[in-house]
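Got some structures for you, see below.
Two complexes follow with chain A in common, the first pairing it with chain B and the second with chain C.
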Partner chain A sequence: MSEVRLQGIVKRFGEVQAVAGVDLHIDSGEFLVVLGPSGCGKTTLMRTIAGLEKPEEGRIHIGARDVTLLPPRKRGIAMVFQSYALYPHMSVAGNIGFPLKAQGRCPNRSEREQRVHQAAQMVSIEHLLDRRPRQLSGGERQRVAIARAIVSEPEVLLLDEPLSNLDAKLRAYARDELKSFQRQLGITTVFVTHDQIEAMGLGDRIVVMRDGLVQQVGPPQAIYDRPQNTFVATFLGSPGMNLQHVSERVLRGFRPEHLLPVAELPPGAEHEPFVWRVTRVENLGSDRLLYGHVPDFRGDMQLTVARLPSNVTTEIPIDTDCDFGVARQHLHFFDNESGERVAEAAV
Partner chain B sequence: MNAIMSRWLDDSRLMGIVFLAPATLYIVLLVGLPFITALLFSVSTATVGDASFNYVGLRNFAHVWQTPAFRDALVNTFSFTVVAQIITIVLANILAQLLTAPLPPRRSARIGMWIARMLLILPWATPLSLSVVGWLWMFDSKYSPIDYILREMALLGPDTVWGPANNLIWLGKPLLAKASIIFVHVWRMTPLATVILMAGLSSIPTDLLDQAEVDGSRYLRTLFQVKLPLVMPIMLISLLFGFIFTFGDLTVVYILTRGGPITHTLTLPMYSFLVGIDGGNLAQGAAVSLFIFPVLLLVAVVLLRTASRAEIR
Partner chain C sequence: MATLTTTPTPAQGPRLIRVLRGTLYTTLVLFFCLLASSPFLVMGVVTFQTDQDLYKRGASPFDYEDMPTLEHLDNLFNDTRYLSFVRNSTLTGIAVVVVTLVLSLPAAWALARLTGRWGEHAGILMFIVYLVPPTLLFIPLFRIIVQLGLRDSLLSLILVYPSISVPFSTWLLMGFFKSIPPELEEAALVDGFNRYEAFWRVVLPLARPGVISVVVFTFTLTLHEFIYSLVFISSSEARTLSTGVPTELIRGDVFFWQPLLASALLVAIPVGLVYNLFLDRLVQGFTLGAVKG
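This part shows the complex of A and B:
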């Protein structure tokens, strides 16, 4: 269990800056999720921590050690790849035992077997030890990969989209299991994903990345409630935040679930009235999504989405002006040019 | 007319026969018929001058088996093939590792690698008879460039380690002649084996190699415990090719030594040629060449079965 400190990490591939100067402090035992769209540099950042990529600039510390120039095997890390990267010619036991043999940390055969057993037990796959990877299901492969990662008791566990190859049902289950597993071990964990639900559900803190740069760092709810810029505001949440031009300089944002019929707004709260025409309703069972267009300050139409929970049963007439509103505390303001968050007072 | 044409073209059975016919004809005429002819000759008394069929049972085989030259040829064929294959596979592995190594991101490096890969394939692309004639000159008893270089390096000639003679006479001494034959086989087979191994190596997912690195594996462990087991099936295929080419090869021995000195480099195909064509005894020549067949069949079956068992997915 060690903290990880990244200082000014820059990684280039030819002309492209995959990571463009990242400072990050990961606490000991923390579950940190790096979230961003594909190509944002999150995987490169993780590979840099692992030592698979050498950064052009910056330093990496794990615990008290500067590991910037060390090869992966000397960093005390373990990594699970998106593909799980199980050695197809080895049994499950062979796969899990490989790091122990390779690192020469466990020369005694019976001790090694015991540790392989323990690791397998932790992810409940003892009964699969003699199988080959090709005989396993996706969920079982993922467990083997995790057992192999923890068998050498790394200081830092790196996970690169380990759930993306599982089907949706299994994924929710695996998420829960992974989280409780990490708590139990208390191992410092970096988890890379493009899936905001995974990020919100798993992370003690989330790092949102874009174009090789960190956009915002913080606990999931804090990021959701106070996005630092328009990118974070629209990337998190499904659907993302509605943004409207209220003047040349200012964008106003509010989340779909905060746009409610006036009758449903919390009583007593000050609210911003919002009259719009709904053009389409999507019923998702637990929610209703309302789509409509609203003119901005110039009169250009902008797509707006509202999300009504199923307990709001108000009839929504199509193509008719409806009285909606957003509680004032749920309004966000952003600078139109930089996209950065601004105080309402600045409007 | 058109209707009939299109009915024929849509008939998958008919089209199947039409498309398979050329290949089938090719195999029957150029492989099947000669093979059956050889079978018939081997149990007869046929000679170049008299191809009439007199059945004599397995007498030719028994006779050939008792000939000392045949024994030499049998041992040589096996030893040349096995030694050449071992050297080839080791060299091909080293070369394939080098030629698939990650490159520095420079244009010159890419061009250099391209040239290296092209040069590598040249021995395979040259017609065998031509390149072996080239080697015949290289091994020439008097004008061998190898000897010349050794002399210039003061390793050959009067008062040197390999002296006092001015020439090694590569193809005239039993051990050197054997080594020369094996060398040319290795030189000939290495490019193909390397290319096959390169294809195998580059088909290993990079995730697996990254994983090995993260797991703490160093170069040699990754090579022997991850890379080589993964390319094993394809390596066996390349071995199979090499084995069959070398075992049944006539060109190299025919051009370089014709089996000499005495019978020190005699191989089964060469002996078969000497007995059957040069000596005119078609029956015994056929019997000699038929000894090659079961060996190759066995090797092919064994290797293909091992390869399919070692299959990754």
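This part shows the complex of A and C:
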């Protein structure tokens, strides 16, 4: 268990700058999620930490050691690949014991077997030790990959979208398991994903990336509540934040769940009124999604979405002007050009 | 044929078709097996025939009037240098296989993994080299062999045969290496190996079908290659099977058919058996289950 420090990491592939100068400090024992759309450089960043890619610029420290130029095997890391990368010619036990053999840390065979058993026990796959990877289900393969990663007791655990190959039901279960497992081991973990639900649910902190740059770092709720720019605002949340031009310079944003019929707003709260015409309603069971258009300062219509929880039972007539509102505290303002957050006072 | 003329009921229909299909399949398989094995069958039968039986006009090769004889086998082993040819061919074969693997494994791996798109073009170029026929090359190569003082030595063949086997093997192995997901190699790097150990412990075991193909291809190539062997080696004791047997058992226009066919059969059987032994390996999908299910 060690802290990880990245300073000015730059990684290029020919003309393309995959990571464009990233500074990051990951605390010891922290579960850090790197979140971003595909092609944002998150996997490259993780591969750079692993030593599978050499950065053109910057330094990487794990604990007190500068590992920038060290090969992967000398960094004290373990990695779970998106495809799991289990060795098909070895049994599950062979796969889990492979790092111990490779690192020569466990020359004693019975001790090695014992550690393989312990790791398998932790992820409940003891009964599968004699099988081959091709005989396992997706969930079982993922567990084998995790067992292989933890058996050598690495300082840092790197996980590259390990849940993306599981079906939706299994994924929620695996998420819960992974989190409690990481807490139990207290191992410093970097988890890469493009799935914001995974990121919100798992991370102690989230790093949102775009185009090789860090957009915002912070605890999940803080990022959700106070997005630093329009990219983070619209990327997080499902659907993302509504943005409207309120002047040439300023965008106003609010989350779909904060746009409510006036009658449903907290009594006495100061609010921004919207006369809104709903054109379509989607009933999702737990919520209702309302779609409609609101004019911006020029009078152009902009698509706006509201999410009403199922306990809000107000009847919403279609194609009729209704009184909606957003509590002032839930309004966000961004600079139209840079997309950066600005204080309301500056508007 | 009676079943064909009666109108099948709906329940009988599919069953009848299944039986017919099975019969047709078995007949075809048997026919092709017989076709493929007939040369070996004839070789085996003729080996034990007396000259009278063999040269009798109008008789089939399977006619035996006299008792089968071991005389020709005795001839082959005691009156020719057959065993020395077998030894020379085996030694050359093993040496060429080793040289080919040592050169083509790293070359194929590097071209498949480390050089990107450029590697693919290089692989195709290597394959084109393979297409240059030995009949064009043996004269310049002969001069080189003479200058190196390797005439009449098996070393000349061990030196020259890889010029045919390495390009083909490299090209073949490139395909195998490309089918192995790079993540497996990276996982081995993370797990504690360096690049060469990762190759040795993870990549090579997975490319085993490819390695076996290369071994089989190279070994059989050295067994049947004729021109280089004929040109570079003239002394009888250094000859290999492909040139030794014809020079000793065809004298002028006289063919010693029985020992000739026996010599071919004795080499073909073990090679055929080894081929069959590894047939499954050659086609087995080793990487199943390695990545996403």
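The rule we apply is simple: the second predicted complex is superposed on the first by the 347 of 347 C-alpha atoms of A that agree within 3 Å, B and C clash if a C-alpha of one lies under 4 Å from a C-alpha of the other, contacts with A are read in each partner's own complex, and residues count from 1 in each chain.
Rule of thumb we're sticking to: contacts are C-beta pairs under 8 Å (C-beta built on N, C-alpha and C of every residue); 3 or more make two chains touch, one makes a residue touch a chain.
Remember, it's a predicted structure, so these values are computed and weren't measured experimentally.
Novice: Since both structures carry chain A, what do chain B and chain C do when superposed there: clash or fit?
Specialist: clash
Novice: Let me test your reading of the model: by the given contact rule, A:Ala50 touches which partner, first (chain B), second (chain C), both or neither?
Specialist: Both chain B and chain C are touched by A:Ala50.
Novice: Specify the partner with more touching residues on chain A, choosing between chain B and chain C.
Specialist: Of chain B and chain C, C contacts more residues of chain A.
Novice: In the overlay, answer first, second, both or neither for which of chain B and chain C A:Ser310 touches.
Specialist: neither
Novice: If you stack the two complexes on chain A, which partner ends up touching A:Gly14: first (chain B), second (chain C), both, or neither?
Specialist: Only chain B is touched by A:Gly14; chain C is not.
Novice: Once the shared chain is lined up, is A:Asn165 touching chain B (first), chain C (second), both, or neither of them?
Specialist: After superposition on chain A, A:Asn165 lies in contact with chain C alone.
Novice: Figure out whether A:Gln135 sits in contact with chain B (first) or chain C (second), or with both, or with neither.
Specialist: second
Novice: After overlaying the two complexes on chain A, where does the chain B footprint on chain A coincide with the chain C footprint?
Specialist: The answer is residues 50-52, 71-73, 77-79, 81, 83, 85, 87-89, 98-99, 101-103, 134, 148, 152 of chain A.
Novice: Please name which positions on chain C make contact with chain A in the complex.
Specialist: 181, 183-184, 186-194, 197, 201-202, 205-206, 286-293
Novice: Under the touch definition given earlier, write down the residues of chain B that touch chain A in their complex.
Specialist: For chain B paired with chain A, touching residues are 105, 205, 207-208, 210-218, 221, 225-226, 229-230, 232, 310, 312-313.
Novice: Note which residues of chain A are touching chain B in the complex, please.
Specialist: 14, 47, 50-52, 71-73, 77-79, 81-83, 85, 87-89, 98-99, 101-103, 134, 148, 152
Novice: Please give the residue numbers of chain A that touch chain C in the complex, ascending.
Specialist: Residues 50-52, 71-73, 77-79, 81, 83-89, 98-99, 101-104, 132-138, 141, 148, 152, 165 of chain A touch chain C in their complex.
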